[in-house]
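Here's the structure we're looking at; comments come further down.
For clarity, chains are labelled A, B and C in written order, and residue numbers in each chain start from 1.
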Amino acid sequence: MTVDTKLEIQSKRTRPWLQNTWYVAALSQEVGPEALFARTLLDTPVLIYRREENGEPVALHDRCPHRFAPLHRGWREGDDVVCMYHALRFDCTGTCNHNPHGKGKIPVLAQVRSFPLVERDGFIWIWMGDEPADMSALPDYGELVSGHPNSVGYTYMPVGANYQLITDNVMDLSHIDHVHGEIITTRGQLTPLIPQVALGERSVNARWEWSQQPAMMIFANFLPAPSEPARHFFDITWTPPGHIQLSVGATQEPRNALDLDHTIGQYDLHTVTPESIDRTHYFFATRRNHLEEDAEYNAQKIAGMHGAFQDEDVPLIESVQERMGTDDFFGLEPVLMSNDAAAAKVRRKLLEMLREEDQRLG
Amino acid sequence: MTVDTKLEIQSKRTRPWLQNTWYVAALSQEVGPEALFARTLLDTPVLIYRREENGEPVALHDRCPHRFAPLHRGWREGDDVVCMYHALRFDCTGTCNHNPHGKGKIPVLAQVRSFPLVERDGFIWIWMGDEPADMSALPDYGELVSGHPNSVGYTYMPVGANYQLITDNVMDLSHIDHVHGEIITTRGQLTPLIPQVALGERSVNARWEWSQQPAMMIFANFLPAPSEPARHFFDITWTPPGHIQLSVGATQEPRNALDLDHTIGQYDLHTVTPESIDRTHYFFATRRNHLEEDAEYNAQKIAGMHGAFQDEDVPLIESVQERMGTDDFFGLEPVLMSNDAAAAKVRRKLLEMLREEDQRLG
Amino acid sequence: MTVDTKLEIQSKRTRPWLQNTWYVAALSQEVGPEALFARTLLDTPVLIYRREENGEPVALHDRCPHRFAPLHRGWREGDDVVCMYHALRFDCTGTCNHNPHGKGKIPVLAQVRSFPLVERDGFIWIWMGDEPADMSALPDYGELVSGHPNSVGYTYMPVGANYQLITDNVMDLSHIDHVHGEIITTRGQLTPLIPQVALGERSVNARWEWSQQPAMMIFANFLPAPSEPARHFFDITWTPPGHIQLSVGATQEPRNALDLDHTIGQYDLHTVTPESIDRTHYFFATRRNHLEEDAEYNAQKIAGMHGAFQDEDVPLIESVQERMGTDDFFGLEPVLMSNDAAAAKVRRKLLEMLREEDQRLG
């Protein structure tokens, strides 16, 4: 029995995703001040809305416990939400605080499940597990919002594929050589490299350094000689359940260190939240360290990045899902190569955590 | 173990609907004199057409026993129907009476199942069970057709939800306060009421009496003072499998009894026939006791009622179906309240009958 | 237990189709010289493309063994195909011959399954079984290409039905009397006939001879007296898995033999390849023995035949599939008649072969 076969057997024992962890539920910009915003996360319909006073978001199971109407079809009364079907009213914690029927007795069980939410770094983070929300586990991507507001952009894509196919894609950046068009192509330079992969207790890091001519188009015009060669780096760190922080930059100064302090570059976050076993919410944010105040360029930049992912990655990943027909990757006995080192380590690390959570939850 | 849990367990033992009972297959007006009308009822495709001489409708399994083509794609020869694929001809009872192939021998087994039909009160009623049709069980809604022909209207809606969600909706009329727009709104007056619920041997009755200002818009203009308050009543009676007779009326005369003889009102029938576990045929008829001869008003009235159901009830009920993801209502442990008394009694009565039929059929 | 019931039980033991046999994968004209042509056959995605030098087609499993991207989304390099995701390159036999990643070591298991293909008679034939391709079993329809190139036409239709419903349809040509419109109608003359059916070791033949007035419209204008009666014949031979060679002709010369040498007629092939249990690739070719050099008439003729099948047979067959809801024909206890003799013999012969293959493969 090979290691992969063992992993496959173990994978069949686990739930399809971690429960007790922080996922992104929505971009901050997706949820307007008065909206009743609905999205299905981990096979569970969720309603998100903002308190009137301070805009703080709250999340409830998007299903009335009375006759199961979606609460997002109802209406707001202050910070409460009223079910459109029979006007049961729930407060921000999901407790029924008004029953207009009969004598108005509030049924003891008229309680909607609420989910811990935190809004930070341009995202609304949600904890959907049964264990208490672990605030110390909330990821910190404060870099995204540490500069001028016009230096950062956010976008969202629904994808018809298992969430791990998206993390596979980002963890193996050699695909950029082949899949992507002019604006972010790495011109074949990543593929020959064997990335440096480092395993943390609960993280996987990978790093590539290379030169290309011209530089990546998103950076070239900010370099002294746009058509000349430039040194580049990618540095990415996965943490569970599916957050990948990616830094990338380019320089034409031979002595510069390859980091965001010494290159024209950007600090990105790719993060995925399962909608179901074969549908995923894909969120992306990018903050650049150049032309930081230019709102028009900022809008163009995020639209360009969105276009590259939407037109080039998404159809490919969806076609992989279709060809696989399962989420059991190791069960299909993939041929793994040097470029898969980081992605495979992420899958194995996640499997470990899934087994661990399964054992803990019994 | 709670009562609901017990009911849930029992519900898992029953078929999803009663078999030996009368359902509405179609509105009379849906089946033209020459039509081969097809509709799937209780997961069974059914062909309905009318005899030439007297227009009497007949129903056959809509599937040729030879090579399983749908008979409704064929053609009529007098009162017979001919399969389009190989021209086997069947009479009104489903017996093959002509085989044009070879020597023309009629295969003994070339018999299509026929279903007892009765046309009454503007509906075509069908008996799909294996037990003999019980004529004494045929419901009588003769009130619908006891007045001027222009006083009654009929309509039909396909709904993407289990049939019991529609009976739930009608049995709890408090939803009108919240779900419906101007033409039939009850202006919040029903919700505080606890309806009077009466259980019969094979029926559930509920009654509401209230005042509102102005009256329900479908009645206000026929009252002496359209913008003034009026007393109203609803009186509804469910009988199996899913027929709900609803009477509603309004009066501004303080001494009048709240019944259709003493109010401006209407006598309605809501009735549902499962297409499948999660699709339902919803039929509705309404006969008013005012402006009875006005054809134009009649057409406007039924169109308005259809619009209210189609635009306001149907999307809501379909969203409940989607959120439930099952027909096992009690299994989801609903929080039931005073307004659910009649609807819950209907579900329990139906469960009893389903268990009874299961035991009888073995 | 009846014979049909026995067959039903046996049918439940077999795979849904033969594996070790030749199917048509595509029409020659469907696969251009530079195309990466994709089609799912027997539930397996297949890539077909042509060698540069001689146009010889090759077939590979359309799924990269690395990360399961469809190979047809990639690109060609000479006779190799390169995966679009990570640029693994495979030769015509499916062997990986270039890995651009890291040190370029080619993984031992980086092998795509290839399928034996033969291009003959205007079709690309594929062998998808695990046993060695049996060249002696390749069907010979050389008649199709033995005349002027403008005398033969080919067409293709995807059908939403099990493949055996299409062979049923062709094996029982009495359906033409009822299903088809003017261009190929047999005017009710086939139905009274009992076809002569002959069973070979691995074939079923059926023959009809009849007169009609006027002749079939595809032939009438080539006969001496287009509106007068003419003698016709159909002669069809099924061989596994689903090839039906059909000859048809008409003559007004009383002494002429009813064969293609002595009638105005055509030599056709109907052949089906399962895509899945309920979807089928339906291929058709026809070569006429008259007006052989007329390219415009040839184009009209194949378009007319395509139209007749597409508009008249396909919707009917799909409605039969829908009404059956299964591929277990005998399990539905069909009423079989004299016109079914050939079609039923084909189903039984195929069942025998399926059982035989099951036993052989264990």
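Note that a residue touches a chain if its C-beta (ideal position, glycine included) is under 8 Å from a C-beta of that chain, and two chains touch if they have at least 3 such contacts.
Since the structure is predicted, the reported quantities are computational estimates derived from the model, not experimental observations.
*Asks:* Check the residue numbers that chain A and chain C use where they touch, and answer same if over half are used by both copies, otherwise different.
*Replies:* At the contact between chain A and chain C, which are copies of one sequence, the residues are largely different (under half shared).
*Asks:* Using only Cα atoms, superpose chain A on chain B and state the rotation angle in degrees, rounded to the nearest 5.
*Replies:* Chain A sits rotated relative to chain B by 120 degrees.
*Asks:* Just curious, how far off is chain C from chain A if you go by their C-alpha centres, in Å?
*Replies:* Using C-alpha averages as centres, the distance is 48 Å.
*Asks:* Among all residues of chain A, which ones touch two or more of the remaining chains?
*Replies:* none
*Asks:* What residues of chain C sit close enough to touch chain B in their complex?
*Replies:* Contacts found on chain C: 168, 172, 174-175, 177-179, 188, 191-194, 316, 319-320, 322-324, 332-340.
*Asks:* Help me check something: in the complex, which residues belonging to chain A touch chain B?
*Replies:* Chain A residues touching chain B: 45, 62-63, 65-70, 73, 84-87, 99-105, 107, 109-110.
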